[in-house]
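Naming follows writing order (A, B, C and D), and every chain is counted from residue 1.
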Amino acid sequence: MTIALLYILLSVLIVISIYVIISRNLFSVIISTTIFSMVCALIFLLLDAIDVSLTEAAVGAGISTILFLSTIRYVDIIATDTKKSAVPIVILFFLLLISISILIYDLPEPGKANVVNNSQATKYYINNSTTEMGVPNVVTSVLAGYRGFDTLGEVIVIFIAGISVLGILRNTKGRT
Amino acid sequence: MIEANIIVITLISVALLISILRFIFAEEIYTKILATNLIGTKIVLLILLSGTLSIEKDFTDIALVYALINFISTIVILKYYEDKEKCNEYD
Amino acid sequence: MKHHTVLRIVTKLIIPLILLFGLYIQFHGDYSAGGGFQAGVIIASGFILYNIIFGLEVGFSILSINMTKNLMAIGVLLYIAVGFMGIIQGLNFLEYNSLLSSSKEGQLLGIFLVELGVGLTVSNVMILIFYSFNNMGEKL
Amino acid sequence: MSMIEAILLILGGVTALIGTIGCFKFKDFLSRTHAVSVVDTFSTLLIILSLIIHNGFTLLSVKLFLILIFLYITGSTAIHVLTQAFLKYSKKEIIK
């Protein structure tokens, strides 16, 4: 049952992404990316990746819609109807789709325990997280405990993004 | 319970497909925002129903985040669209 | 959007719930889904909703631009300070074992503080980006 | 499995489908809001009520009840605001 629902949702994703390519109105493109993130989060939930699903719902559907809309209001191109045809992009899209779906056969099956990627470190985290860290959620203990240095890098990246947005937008409209 | 659950999941996914079509073939932006709201509500229901089938117990948190984000994005899209309409009015 | 009366009343009801739920995700992240990043984004979107409906001036009187700048720096500094606590006590960088008397409690406290730093930075960066795109012609 | 839960659940699914078909078939915006409101209020009420009966009186049921209240408030408000904006700014003639 879950597999059938998964296939329906994946086909919905393909339909929405084709619409994003074809549509020439920036406003409806942004709304459709919101729908794309919503469906994507449901797929992550069905695959039991609950933290990823929460992140996708909050970041993809919530804050990025707000920031995209702020951006197109700031640069003043809300709806553009260009005469350029979308056919080459659609052909490119289908070529990419076919090549990726051929490549998918070489990937290991998701969630299997005897795959090489899941054999060494993952087993250690799952077995020792509760006794070493005292945190029942393994994702949190890996993110903040075992791989704390990576998370530090991520936080600094977000910090630098904030600083550079501030530096680009500061005083440009006030002075001229 | 499980059989009824599966029937209802099928019904709601058919409804999801229809509302995606409504979104794509809409002729004005208000209908698109309405379809977005509809899809968000459907996805909250799908999360609640498939959560009872799966082993995860935290699905209610995600459903609550969903309901919240759906409201926020609807209001924000409407606000920016209204601003644009106001600009057109005074031109 | 001040002319929508119903929306204003409902937002006044909803905003505390959103902030409370963000804090729940922040501090309950050890036991269920969630963590600093998601909580920061949810709190930021709640605050942005408030700004959109009641106007940016009201938002500035609650959380000014200088305050967001300071808070996002404090988040990163909190993270790094927790890391240096390990070095001071003779361990590696970002090793929380000796923060408290027992090793397990030290790990819990370390993870809690680190997530708090992540949440502060993420929420304030998002609010700052929103502010800088939306107040046109003002000096930042 | 009790009979009441199954009946409530299937009624909820059927109302969701009917509301969506209405939203697809109607010609103008205001009729569509009418069809969407059915999904936002009646269908969520039936499905979440059925899940609450299934779970009994637990923490999960309290959370489900919170979701129900939240969906009721926000869904109705969003459609109300949307309709008001349509009436104020739309260029088309409204069919009386």
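We take it that a residue touches a chain if its C-beta (ideal position, glycine included) is under 8 Å from a C-beta of that chain, and two chains touch if they have at least 3 such contacts.
Note that the structure is a prediction, hence the values are computed from the model and not measured.
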| item | value |
| --- | --- |
| Selected pair, greater C-beta contact count between A-C and A-B | A-C |
| Approximate Å spacing (C-alpha centroids) for the pair chain A, chain C | 21 |
| Chain centre separation (chain A, chain D; CA means) in Å | 28 |
| Whole-Å gap between the CA centroids of chain B and chain D | 11 |
| Per-residue overlap in chain D, given as positions that touch at least 2 other chains | 70, 74, 77, 81 |
| Chain C, residues touching no fewer than two other chains | 7, 14, 25, 32-34, 38, 42, 45, 48 |
| Per-residue multi-chain contacts in chain B, two or more chains | 33, 58, 61-62, 64-65, 68-72, 75-76, 81-82 |
| Contact pairs between chains, per stated definition | A-B, A-C, B-C, B-D, C-D |
| Residues of chain A defined as touching chain C within the complex | 50-51, 53-55, 58-59, 62-63, 66-67, 70-71, 73-74, 132-137, 139-141, 143-145, 148-149, 151-152, 155-156, 158-159, 161-162, 165-166, 169-171, 173-174 |
| Partner chain A, residues of chain B touching it in the complex | 6, 9, 13, 16-17, 20, 23-24, 29, 32-33, 36, 39-40, 43, 46-47, 50-51, 53-56, 58-59, 61-62, 65-66, 69-70, 72-73, 76-77, 80-81, 83-84 |
| Chain B partner contacts - residues on chain C that touch it in the complex | 1, 7, 14, 18, 21, 25, 32-34, 38, 42, 45-46, 48-49, 52-53 |
| Contact footprint of chain D on chain B as seen in their complex | 1-5, 7-8, 11-12, 14-15, 18-19, 21-22, 28, 30-31, 33-35, 37-38, 41-42, 44-45, 48-49, 52, 57, 60-61, 63-64, 67-68, 70-71, 74-75, 78, 81-82, 85-86, 89 |
| In the complex with chain D, residue positions of chain C that touch it | 4, 6-7, 10, 13-14, 17 |
